[in-house]
Structures are given as structure tokens and as C-alpha cells.
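Same chain, two partners: chain A is paired with chain B first, then with chain C.
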Partner chain A sequence: MTASISLYIAGDSGLHRLHPLTKLTLTLTILLGGFAIPYTWASYAIFLGIVLPIAIWGGIWKQMLRSVWKIVLPFAISIFLIQSLFWGEGTALFAFGPLSIEKEGVIFAMGSVGRIIVVISSFLLLTLATRPDSLMNALTKIGVPAGITYIVVTTIQIVPRFQAKAASIIDAQRSRGLITEGNLLKRTRALVPLVMPLVLSSLVDVEERAIAIEARAFNSPGSKTSLNVIPDTSTQRIARWIMFLLIVLIIGYRIWWSLTFTN
Partner chain B sequence: MSFTESIKKEFSTRTLVLIPVAIAINIVVGQLLIILKLPIYLDSIGTVLVGALAGPWAGALTGALTNIIWGLTLYPQAMPFFYVAAVIGAMAGIAAKLGVFERISPRWLSALIGGFFFFGLTLFILSVTTYSREGLIPNATDLIRQYGVVFIIIAIIGLAIGYFVLQKAGYAGLAGLITGVVAAIISAPTAAVVYGGVTGAGTDLVVAAFRASGTGILASTFAQGAVSDPFDKMVSFLIVWLILQALPARFKSR
Partner chain C sequence: MVVIDVHELTYTYPTTNVAALNDVSLQVTEGEFLAIIGNNGAGKSTLCYALSGFVPHFFKGTMRGRVQVAGMDTQNVTLNDLVLKVGLAFQNPFNQISGAKYTVFEEVAFGLENTGVPREQMVERVERALRLTGIDELAERSPYSLSGGQQQRVALASILVMEPQVLVLDEPTSQLDPVGSREVFQVIKEMSDSGMTVILVEHKVEWIAEFADRVVALHDGRIIAQGTPAEVLTSATLAEHGFGLSRYTTTAREALKRGLWLVERRLPTTLQEAADGFSRGKA
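Entry: the complex of A and B
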């Protein structure tokens, strides 16, 4: 693969060597656990007790913590400010002037931040340690249409080319006197002269590419072989089934909990 | 033609080649908007374009995959909203079947569309948030009497947007505005449950304002979306309308 956009960090840890489907199932199980277990502390426990140890094992914990911090911090600030100050009626923890911090709002904010951490970190567990093309390759093997794989892998490769094209369009239009800075109205006026050339020039070669891939038997119905064979073990297959079972159990538990405690 | 056949026909090789280009357009234009520092996202132009050129199913696939690929590569927080993007693509496809991207509307009609839409949207947002505060569906005439000045100002802004921004793309603009409201409605539950109703961006001020007035979390999240999404989708549909006017007929015929 040439230049491509991806969070993937090359490595040779046990996590990297796991079959992509195993990592995908793991991510889904963690995600569901974080949402279904109805206690505020659960998502923090899952992050510290499950996600972080796996990330350390995979040698991706530094990047993970950095990304989680960068993504979650603005959310966390917003949630705490909005939900603790503007909760409405609640038990005030302490008040200053007309503002008061409500206990219920703080608990809600804690729960929300925990869930965001679980969502982001479990996705990162998958994407930091898995090459997107091998994930798609594995998905094709279990029945995802080859067209979807083509779309995902191609997109990841053409985005950098498009970014370069966008940069040169900005330069070209600026050199012709287009104003891309200044007040809101001026910047809005710059929108169409930048977007239209990008879109129109991108559409031009669609036709040729369609002919090119059809000439390479894209639509041939027979089964195809793959250059990269992804190793899978029976232990991992069993682990995946166990995680599926776990997912069913978690959902069952959540339904039981809702029926028992909400009425 | 049977149902499955009609879906298959949408996914020709040309469509499959078009979709990655469209997703790349979504991602790169989204980044361009950050460079221009404009307060809209415009990250669904490619999705709307595929919906308009290939049909609702292809549009839906483009939308869903945009968010999934985004989630896999640059922006993990986009992943949970893949279904919203899919609905946007599907609605663009249906709108295209109704001919909104071919029709040219007179400017006075675009102005009326803008005026009426923003009037109706304000009524809808105020009804939902009032219902959330008081538990009663409010009477429309009471609301209009109570917030009369607000309604007049917003209707005039709507008229101006229709006349000066949409110009001759009134039908496409209306389809975009409606798509935006639907997107706001269906994304609010996910935004409220997964992200506590905030995005970490400037639009959170809207959420804060509604929460301060005692509105519930779900209704505040919806109100935030309903303030920003329709305008965003309207501009996206408008740009796709401009693109389709500029594309050669040969490209559109397939």
C-alpha cells in the first residue's frame, strides 16, 4: 500500500497478530459491555481493567491514551459544564451566586464520559492494531460482498490524493485572487470556487476506472484467491464463539435488569 | 422489474467506482471547511451526489461507509452515526427520483420555501422543547402569540436565505432542509445516549441554552441538531444541484 489514511500503527505484538475478526468481536463485546451494564463505574472499570491491559499488551497504549485524551477532553468539558450547571431541579453540591452544581448532573456527566471513553477506546483497540485492508479481507471471507471491500480499501488510498488535489486547488484559486480569509461572508463566497473544481475533476476519471477494473475481471463470478492469507487458529475461533455467547448473555442480563428494576 | 433487481441495477461497476470517490469528497470537503473556518460541516456532498446519480440504496451505502471509514481512519467518534448518514443518502436518492435536482424554481418561490420552512421549523422546535418542559403539547397559536417577534424575524431570515442563497435551486434546497430535520430527529437519541448530548464544539451553546431553560436532554439535543442540520444539508443539496447542472449529460445518463 502506498500513502493511505489510517490510524494503524505497525507492530508485531500478540494483538497485532490476532485474526482481524477476533479483534472485531472483542471490540463489539467491550462496546456492548460498556453500554449494557447499568452502573456508572462499569465503563471506567472496563476501560482500566480490560481495554488498557490489552492496549499495553499490544504496545499501542501510548497512542491510545493520547487519542482518547484528545477526543474525550472537549466532550468531557462540555458535558460537565452543561449537565452539572443546567440540570434543573436537583441536589446542589455547592453554589456560587446564581449557579449551582447539581449532584444528579455530575453523575449523568460521569456516566456519559465513561461511555464515550469505552466507545472511543474500543474502536481504537481495533483500528490501531489492525490494517484496514486485512480487516476487509477477513470480512470478505465470511461473506461481506467484495464490492464493499473494494470501496473501503480504495477510499483509504485515494483520500491522500484528494487532499493533495484540494491543496493545489486552494493555491490556484488564491493565486487568481480568491479570498479565503476574512469575514464570514468572504469565506462563504470562497466555498463554491473551491468545492466545484474538486468535485468535477474527481468525477472525470470515474468512467475510465470502471472500464479498467472490469477489464481485470472485477465482476467474474468464480471464487477468487487472495495474495495475503491471514492466519487463523482454532483457539481464536473458539474465543470468538465464547465472545458471541458473552454478547448474548450481556444483552439478556440488560433486558432482565430493565424488566426488574424500572417498573 | 423486481425489487432485488432494481437494487442490483443501482450497484453497477460505475456506481462501485463512484462511491469511493464520493466518500473521499465527503472527507476532503469536510476538511476544507475546517480550513475555511465556516460554521457548517458539509460532510455529505458526496453522499448526496451518489444518491442523486445512482439512487437511494447506493446513497445509503455511501453515507454509512463514509462514517465507518472515517471512524476507522481519522475520527472514531463518527462511527455511531453511520445510520444517520445512510438515511441522508437514501433521502437524497428519493429526492432525485422526484426530480428536485433537475427542476429550476423561480427565485420568489425559493424565497417562499425558505420563509415557510424556517417558520415551521421554529414552531416544531418550540413545540418539542415546550413539551419536554411542561409535559403538554402546546397550542400553536399560543406559541406564535408568545414568541411573535422571533417568528417574524426567523421567517424574514428564511425568505432572505431562499432568495439570495438558494436562488433557482428551491426544490433541491427544500429537500435538503427536510433531510436535515430528519437527520436531527434520528441522530438525537444516539447523541444523547452515547455523547451526553454534546459535540465538544460551538453548537453546544445551543444545548446549554435549552438545558438552562429546563428542557430535557433528548429534546435539547434534538433542538441543537434542528438548528444546525437543516442549513448544513440545504447547502449540501444546493452544491449538488450546482454540480449536476454543470455535469455533462453523458455522465448523468448512466
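Entry: the complex of A and C
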């Protein structure tokens, strides 16, 4: 059984060793670049020219490509079908009877798919090579409330436990003769005896866990310290500021572009 | 020195009309090992929560009377002031794991991170807590990959690392097998021997008879018996209220009926007492 639903792959590459905030800023910069640069092929250039080389450097490119493929493919198919067939007035590329594929639709679909690829792959760059707890730790340090980062990290670890609990409730109820298979009506009827114990016991769990972390001074008003030190360098700090600047520039460029070309 | 002073405590949870604790008065001196026994719904857990401040701070509800712990009136201070003095561990080891940490070492350090203990001191204290609970070899394992007994010892270590003055344990072995229970009891015994005040809710009366200095029996939110394990665990009051007695006491009671146990001899609570009683009784 996997210990968590986190995508993190342990490693010791340069990417893994980067400060989590550096990776987070990098992801945001790439993401924004993919969205804001108003050219269809920009997102593909960003993916091939920036994201992929970094992924290769971090040794996570295989997992990244696999996940991108799995997530993007269904999107891509539906976007292509809808945008190319139902574009309306445009330059027809092919026509089969009443259906015709419009060139503008295809280009628009390419642009959308490219953006999805950039979003997914840049997030994978962060999540595949960063331990969730060190990211949250870093976020707490810059002022994100500990309650919020705690919820994010525990969710990652507790969801598999929740699944295991659900599985054991299903087994227990089936052993008492609950029918969980069959037509829709039978399945719907089986939901109540499965969901009720899961929800009720989870509420008890949440209360107990709240007491347990409270007993360990979670709501202590003073400042917190941290066992794990996340190494940071001045180079990385400078890099983060440059990326911030870049984000501002990209947004500015996009606003300028919109004002100039849309009217 | 009195470290816990409960005076005429009556407490009702917000969702009920029935008092979970009714006119409970209790004093515990520093370094004492106090066991609390009682059937389900007797108010044992509620008493634990009252001693550690979760009643009334966490559960709200209505509280009458007074609880003083380590010189603080629990109603006049915050829960945070109290958790630094009173460590609380309870039944389900799984729910006591924070879920925010990836190794046992980090898990045990969680409380120290929250109280802002400097890093060097933190490492030292965590190592000591791990040694005390005998889980130092598990330091780098994921807390979720451990057995129940190991997880319960992680929960204990996580509380001990905060160096509380009083340790309140609510059935810490109820979900463990005999081996796991023994591991946890050994740690509790060592804590008590080192001078820590221990309040333990427990059903396993054989263990209480062996380790506790004093026993309090709760029934329907009231204290019905209080005294040394030998007095309380063999008292007629307990049997009347349907308490589970130790197997030694039960056997000797049966033997008494059949004339195999001397009438003037007190009923045994430990294996040693039973063996003594039976060997002399026969002679």
C-alpha cells in the first residue's frame, strides 16, 4: 500500500535540491508565460524549450510525460472535436457531407491544448520533485497560516487511509449480506450503509486528531521552529526576484497586447 | 505536593442533558501513579479531558466546580498553557499521528516545532524521547508503516518529548495485543518511576494492581470507590456495580465460597498474592 497520494518521486537531482519556493516561483512563471503569451505556438515552445529540459535535469521527465499524456489526451480529443467541427464560419479544410473541419477551429484547439500541457507539466515540475511537507514548511515561513498548510499536507497522507477504511467498511457490510452489485437501484440502495459509517467514523477521527494536535500545542501563539532546515542560497533568492519581475513583465505585456490588438 | 486538585466537578456535554461527571472530587500528589477504572460511559474519558483542559476549552458544555492542575485553574487559563503542563494520550494510536510528518523522528518533533524550541535542543529531546519509549530504531520509518503498539509508543514519545509535569493516558493499550500492551505499560512504568505524575485509565486490572499507587472507580459519573489497588480492586462495591475483577480476585472469591480461601485473608489482586494465599490456605 502506498504511503501517500503525493506525486513526489524521491531523488537527489539539482531540481530536487532547489528551495521549494524557487520551484514554486518557476512553476508560476512558466504557467503564466504559457497563458499570457498570445501566440498559438508559444506554449509548445515553452514546454519543449523550458519545461522538458528542466524535467530531464531533474530526472523526472518520464513520469512527467506519462502523466501529461494521460491527463491531456482526453481533453485534447474533446477540444479538437468540438472546436474543429463547430467553429461556424471559417476556412474549411475537409468536408464530409454536412460536417466540415475549419482551419481556425483547429488552430484554436491547438492553442488550448498547448496551454493545458503547460499548466499540467509545470505543476508536475513542482510536485514530482518537491516533498509536500517541505513546500508547506516553506510556505508557512513566508506567512501562509499553519492551519492551511497542515490541511494540505495531511490530506495528501490521509486520503489513502480513508480509501482503506472505505474498503474495509464495504467488506464488513458485504459479509453481513449487503448487496453492492447489480442494477442502479440496488447500488444506490447500498450507498447508505456504506457512506454513513464512513462519514460518522471519519468525524470521530477528525475530532480525535484535533485533540491530538492540540495536545501538542498546535495552536501555540508563539513563533514556530522547524526540524528540517531547507537550504536556500542567495543565487536562488535573486533568481526568485528575477522571476517575480518576469511575471510582472509578462502580465504587463499581456495587458498592453490586449489593449492594442483587440479593438 | 498536590499537583491535581478537582473540587466538586460536575460537567455536562453541550449536546446532552445528563451530566458526564457528577460532583467529582479528587486530589493527586506529585509523582503519584493514579489509575481510573469504570465501565463504558462512566466518565473516565471526560475526567481525562477535564484534567488536561479539553473540558471545557475544547468541548465547551457547562462545568461547575473547580479543577486545578499544576497551580492553574483550568477555567482561567488557555488550553495552550495547559498542554505544556499536562500531556494527553488516548486510545486510537492512528488518530494521534499528526499526518503532517513523514518520519517518526519528525512526528515526535511536531510538538516542539509548535512551541518554538530551537533546532539543536529539539534533536536532543526527540532522541531522548525515542530512547525512553524504545523506538529509536524506528526514527526514519513512516509513522503509518508501524504496528499499533509501535504507533502508540510514537504517540507517547510525542507527548513525553514536551516534558509535561502530568501524564494523562486514556486507555492507551485498549487497541493493542498483549505484546503491544506490555511494551506500552513498560514505558508508563518507567515514566512513573522517574517521578512523573501519571493518570491512567485502564481496563486491565492485573496491570493496575501491579503498578498503580491508587485507584479511583467511576460509575455513572461519580466516584464510588477510592484507595489502594488492594482495597479497591477487591471491594464488594466494585463487584456490585458489575466491574471486571482481576482473574486472581475472581478465582479466590470462588475458592472462598468452597472453603479453599481463608475468610480472614484479603482477596488477592496479583499473581504473587494469589500464590501465597493458596499455598498457605491449603497448609
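Rule of thumb we're sticking to: the second predicted complex is superposed on the first by the 261 of 263 C-alpha atoms of A that agree within 3 Å, B and C clash if a C-alpha of one lies under 4 Å from a C-alpha of the other, contacts with A are read in each partner's own complex, and residues count from 1 in each chain.
Assume contacts are C-beta pairs under 8 Å (C-beta built on N, C-alpha and C of every residue); 3 or more make two chains touch, one makes a residue touch a chain.
Remember, predicted model here, so these are calculated numbers, not experimental data.
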Contacts of A:S226 with chain B and chain C, given as first, second, both or neither: second
First, second, both or neither for A:Y150, with chain B first and chain C second: both
Chain B versus chain C as contact partner of A:S112, first or second or both or neither: first
First (chain B), second (chain C), both or neither touched by A:R131: second
Contacts of A:V51 with chain B and chain C, given as first, second, both or neither: neither
Contacts of A:S78 with chain B and chain C, given as first, second, both or neither: first
Partner chain in contact with A:I158 - chain B first, chain C second, else both or neither: both
Chain touching more of chain A, residue-wise (chain B, chain C): B
Partner chain(s) touched by A:A215 [first = chain B, second = chain C, both, neither]: second
Touched partner set for A:L18, first chain B, second chain C, both or neither: neither
Shared contact residues on chain A - chain B and chain C: 150, 154, 158, 161, 209-210, 213-214, 218-219
Residue ranges of chain A in contact with chain B within the complex: 5-7, 35, 67, 71, 73-75, 77-79, 81-83, 85-88, 108-109, 111-113, 115-116, 119-120, 123-124, 127, 132, 135, 147-148, 150-152, 154-156, 158-159, 161-163, 165-166, 170, 180, 184, 187-188, 190-192, 194-196, 198-200, 202-203, 206-207, 209-210, 213-214, 218-219
Sites on chain B touched by chain A in the complex: 11, 13-14, 16-21, 23-25, 27-29, 31-33, 35-39, 42, 45-46, 49, 61, 65, 68-69, 71-74, 76-77, 79-80, 193-201, 204, 207-208, 211-212, 214, 217, 239, 242-243, 246-247, 251
Chain C contact footprint on chain A (complex, rising order): 3, 131, 133, 136, 150, 153-154, 157-158, 161, 205, 208-229
Complex contacts: residues of chain C adjacent to chain A: 52, 54, 58, 79-80, 83-84, 87-90, 92, 94-102, 105-106, 109-119, 122-123, 126, 142, 144-145, 155, 158-159, 162
